[in-house]
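Letters are used for the chains, namely A, B, C and D, taken in the order the chains are written, and counting of residues starts over at 1 for each.
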Amino acid sequence: MENVGLEMFLAVSAVLFVCGVVCMATKRNAIGVLMGVELVLNGANLNLVAFSRYGSLGLDGQVMSLFVIVLAAAEAAAALAIVLAFYNNHMTVDVDQATDLQG
Amino acid sequence: MNPFLLATSIENWIDSASFWPLSVLPAAVWAAIIHTTLVGLFFGLPAFVFIWAERKVAGRIQDRLGPTRVGGRFGWLQSLADGVKLIQKEDLAPNAADVMLFRLAPYIVVIAAFSAFMFLPFSAGLVAVAMDAGLFIALAVLSLEVLGIVLAGYASGSKWSLFGGMREAAQMVSYEVPLGITVVIPVVVAGTLNLGEIGALQSGGIQNWLIFSSPFTFLAFFVFFTVTLASNKRAPFDLAEAESELVGGFHTEYSGMRWSFFFLAEYASMFFVSALGAILFLGGWWTGFSPLDNWLLSTAQSSVGGDYLLRVFGMKILMVKAAILVFVQIWIRWTLPRLRIDQVMTTCLKYLVPMSCFLFLGAVIWPLVLATTIGQTSIWSPVGDRMPRSRRSGEPEVSSEVEGDETAMNRWNSRDSLVTVGLSTGEAE
Amino acid sequence: MSTVLFVIYALAASGGALAVVLSQNVVRMAFWLVISLSSVAGLFFLLGADFVGATQLLIYVGGTVVLLIFGVMLTSSGPYGTIKSQPAEVVQAGIIGMAFLALVASTVLSVNWEANEVRLAHANDHAEHGHVHEVSEPESEQGYNPEESGNTTRSLGTALLGVRFDKDLSLESEDGSNHGHTHGNHEVSAGYLLPFEIVSVHLLVVLVGAAYLARAKRRVDVENA
Amino acid sequence: MSVHSILNHVLGEDLPRSLEVFAPELVLCATVVLLLLWRMLDLHQRIPTCWVALFGSLVAFFGVFAQFMYLKTGGAGVGGLEFLFDQWRLTPSGVGEIGPYFTGLLVHDQFAVFFRLVLTLFLVLVTALTILTGIPDAEDGQDFYTLLIGSTVGMLMAVGANHLLMLFLSIEMMSVPSYVMVAFQKGRKQAGEASLKYVVYGAGIAGVMLYGISLIAGLLGTANMPELGERFAILMQGEFFSMSNTTALTLVLGMMMVLVGLAFKLSLVPFHFWCPDAFEGASAEVCGFLSVASKAAALALLVRFVLAFQGTHESLAQLGILFGIALGTISIITMTFGNLAAYSQTNLKRLLAYSTIAHAGYMVMAVSAMLVILNSPSSSVGVGQAATCIEGLMYYVAVYLFMNLSAFAIVALLRNETFREDISSYRGIISGSAATKVLCVCLAISFFSLVGMPPFGGFFAKMMIFYSALQAGHAHWFLWIVLGFGALNTVFSLFYYLNVLKAAFISEPEADAAPVEVPGMAGAYVLLVTIPILALGMSSLQGDLTATAKYVAASLFQ
């Protein structure tokens, strides 16, 4: 690990974050958007763990990323239930088709 | 020589040898190749043996002979013949398939099933990756198998495969819950997630096996065993491949080596969970016969080569225990009828989950009850006395106020000090 | 060796993330997501966070992604639900993405992290000991490095209770009198007992909600009956 | 420190104190479990689950009330109060002592207790409203109240967050159940759509927020919020705060990402897009909950977050001014947009959604003023004026609770009769039964108060916020512009509210519409939540609340 510094991990996490954001912005499938969210959260988690290894954050970073993983799982479960409910009503998961509410 | 020792020594040699003319990268490649060969041999063989055993046992149970034609008396070359046949077969991908995923899915399954072995100690110290969270990581890796199966089911482009994949996903994800809880029960008793330590503290006789440590762990073993049947999609929970309804389930469309990958993975994970059950509940690599155990332990501690003896002997014992459990799995498969999918889910969510929760609660409370009635936390002997050498050797005197150059972590590493701290905190109030 | 591993994992994580964005088929996206998330777990192992890595594998890859794939299968209308994007959209997204990446990377990567770390460590020493003590081991100043790097289970577990090996216990002073002003009003570093317990309530609530949405109505509507 | 002393401290001192402060939240958690058991044991046939929920939230409310009064009276309560103190076992070293608890994850101070009081009171009122309107039917009661209470527990933690993990955790805890609550009417197409939009945007923005949190925590090497400002000052020693300084830039980036998350919860423009859709799709009761409780919690969190970066260092002051002005700009855009967009609405819930957006703009104005005042180099303003901002904010939140709850309650109750929510369905409802007439009058009161008409509570709330912006104008001229826009917007907003009132009072009822007969209980409930609006405007209660707000605000800056 001598040659690998904090910056390297931050760069990977920045790539994950940006990919996630672009994914959220461009995907029209609701589940695709959720995958983008997972990428963003992973970018943040990687940041936290890297800071906990290299920075003075200590174990705080690892504990936070543990909780984030659990919270993300809960959020994904709720989001998926909502997507299914939407699908039952609309027979699609295309976010662009959600146009009943406008004004 | 034992493959693990061989692999480790080769790696050490490559790592340490400054005269080695290659640079680090080719050396790493060589080490990887050697490892792969060993692992392939090592894990391929049990699978072939188990497949043969499955046939034989099935034949006995159904009152027929099983394989007889190939390879001598018991048809012991049958699996090899099967293997040769499978390698020769054409590797087909249906037109309707999503070819990339279809081709990659078996690899995920195989990788997941086989990399779990990295964390499995075959005997004292005989483990590829020794980690404090070994058990947790092993289960985590094993749980990735489901992904490959779901993707295989989906990518095949056939509704039978899709059904099989979906059933499998639902089943495996649900059974992960009771599996996790039952696995935690021996962990609570042992006080560590490190499989090596859990195994080590079951030395010195059958009464020290964790299955006999309390009525709750005794029951927990059976729940654990039932759950592993389901999480390996073994009968009576083999809904994912239910031949009579789904043709072959998620692997309907596969042929040749890719098909055999699924089978290798299934037998590998059968073996893995059996070995895990043996370590967690059935005394790991100890014989359960206390003079023998003690003798092994004392030679390991005293003589130079004694360590090796314990390892080889322990590994054999563990393999035998695991093989027995695998045999029971096969026995059950050919004896019990298959459940319906809703019955499978009911079994899990309505029975196994509450049962495992109850057992977990009981296992947590049991030491407290014992402590108040007979004054110790286990019927036989305090578990703390049997902590492995790695934890106890070189530990400072048990006291929370140790001064000296040990770090706090070291102090904490002694479980005994935790107990002492807890007790003295209690007294302080 | 670990550098090689880092490169492999980093490339797989970034490449997988990129493939998630570029791929048109939802299940393939899920596959690439698995690759990416598993590689992130690998990076966690490299960073000595074995427990977090295992949790990532167990919950994220083995749980959440399976859930997502499940969702895809339940909701896909065609055999392989693909979503075609317009080329213009792709270009647009690409440009915005690159700009965003440039922004984040340029700010985050240009920070002199080591200098900042030294300053913070310096200030901590001032606050805790009133003087700058000899920095004997620069490694130990660099954050949390338990001797058996990678075995974080025990320290994480005790951190949940409030006993912190990386913070309080590694302080040299035994009297504890001068902790008051370094850690705010409370005397010990953060323990995570509360989140640990309250997350369980949260999970319960969310699961009740998800189950409510997913299950059929318990009774037939009066109008329909 | 040894393990022994830490364990002794944590288990012996910190935990008992924490549990004492946290007791109301624990009661709510227990209520959730009880609700689920209730259904499992089939007790709901005898006593509907809604009463369990109401009972639990009432107990929690009294718990927080006891804490609030304990702090206010210094533990010297008499009569009923003393009884309450005894029941909750409040001690001077526990609730009586402000400061962090749970090893610094949460903070217990008057500000937190005030917001917890508001939130638990609101929980009680919303539960009562749902019992009246019967939005979760008997079969689904336990699910609905589980979500409602679960979300509230998240909010209760949000107002006391003292750690970046708690910031994220509490945002998630209040959001995720509310996503599901929006979709609670499963059969309705709009509900599914509204909640899909809400969850997709919400999850994405939570991710962005977490990335910001990770940057802040990593940069400053701590996740403890009170230490953030101090740490940043250490990093900036000897360096000039500018956008070319990468440390500062990274911090600003991280803070912006966190603020995006908070702005989403507060539905500030440009992160408001979910709000009208979610409100239209959700039932009016849930809208009321979202518009008041989640706003109040997010607002408290916003105050806590920006206050974490206060300090004496030069760079912190510049950072504060920067964010003060940024929030001021957002506030201008938000209230203008909200008020203008409300004009063209035909659905009353959508109209109220835009009104909510506009009100969020007013409230953020106070935070912006506070930041500018606190960090201003001029000596004409100081901590005293900053306390005025918080005081105004808290008064606003208290009044806003009743105004919005009353409005949404009326929408919900009338929906139960007419099955419609568009403005034209309100035509001539004044001609209905006596209870309906009460509803109409209450609607008028709450709307006038929302506008900020003099005799009602809303007027004083708005006055206080505008006054604080005026004060802040001395520190920075930009706040005068914000103030100007605020005043203009107040005038704008009058018309669309009047439009609804005109339909209700003056227009002829639609030809085929039957007269609306609202049950008497409904009238009584609406009256109950409307009277405080009047009381907070015209009675001595107004002085009381001002004094309380002043006392709470002052405690924040001690």
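Rule of thumb we're sticking to: a residue touches a chain if its C-beta (ideal position, glycine included) is under 8 Å from a C-beta of that chain, and two chains touch if they have at least 3 such contacts.
Computed from a predicted structure; not experimentally measured.
Looking at chain A and chain C, the chains that touch each of them are D.
Chain pairs C-D and B-C differ in how many C-beta pairs are in contact, and the one with more is C-D.
With centres defined as mean CA coordinates, chain B is found 32 Å away from chain A. Note: centroid distance chain B to chain D, computed from Cα atoms, is 51 Å.
The geometric centre of chain B is 28 Å away from that of chain C, both derived from CA atoms.
Among all residues of chain D, those that touch two or more other chains are 2-3, 7, 165, 169, 172, 176-177, 180, 183, 186-187, 215, 221, 223. Contact with two or more other chains is made by residues 17, 20-21, 34, 36, 45, 50-51, 55-57, 60, 63, 67, 71, 74-75, 78, 81-83, 85 of chain A. For chain B, residues that reach two or more other chains under the stated contact definition are 408, 412. Taken together, the chain A residues at the contact with chain D in this complex read 17, 20-21, 24, 30, 33-34, 36-37, 40-41, 43-45, 47-48, 50-51, 55-57, 60-61, 63-64, 67-68, 71, 74-75, 78-79, 81-83, 85-86, 88-90, 95, 98, 100-101, 103. Within the complex formed with chain C, the chain A residues making contact are 1-4, 6-12, 14-23, 25-29, 31-32, 34-36, 38-39, 42, 45-46, 49-60, 62-63, 65-67, 69-78, 80-85, 87, 91-94.
Listing the residues of chain B that touch chain C in their complex gives 24-25, 28, 96, 98, 100-101, 104, 108, 131-133, 136-137, 139-141, 143-144, 146-147, 150-151, 154-155, 157, 162, 165-166, 169-170, 173, 176, 193, 407-410, 412-413.
Interface residues of chain C, counted against chain A in their complex, comprise 2-3, 6, 10, 13-14, 17-18, 20-21, 26, 29-30, 33, 36-37, 40, 43-44, 46-49, 51-52, 55-56, 59-60, 63-65, 67-68, 70-72, 74-75, 77, 81, 83, 85, 89-90, 93-94, 96-97, 100-101, 104-105, 108-109, 113, 117, 120-121, 124, 142-144, 152, 155-156, 159-160, 164-167, 189-190, 192, 195, 199, 202-203, 206-207, 209-211, 213-214.
Those residues of chain D that touch chain C in the shared complex are 1-3, 5-7, 9-10, 14-15, 18, 22, 29, 32-33, 36, 99-106, 139-140, 142-143, 146-147, 149-151, 153-154, 157, 163, 165-166, 169, 172-173, 176-177, 180-181, 183-184, 186-187, 215, 219-221, 223-224, 226-227, 231, 234-235, 237, 246-247, 249-250, 253.
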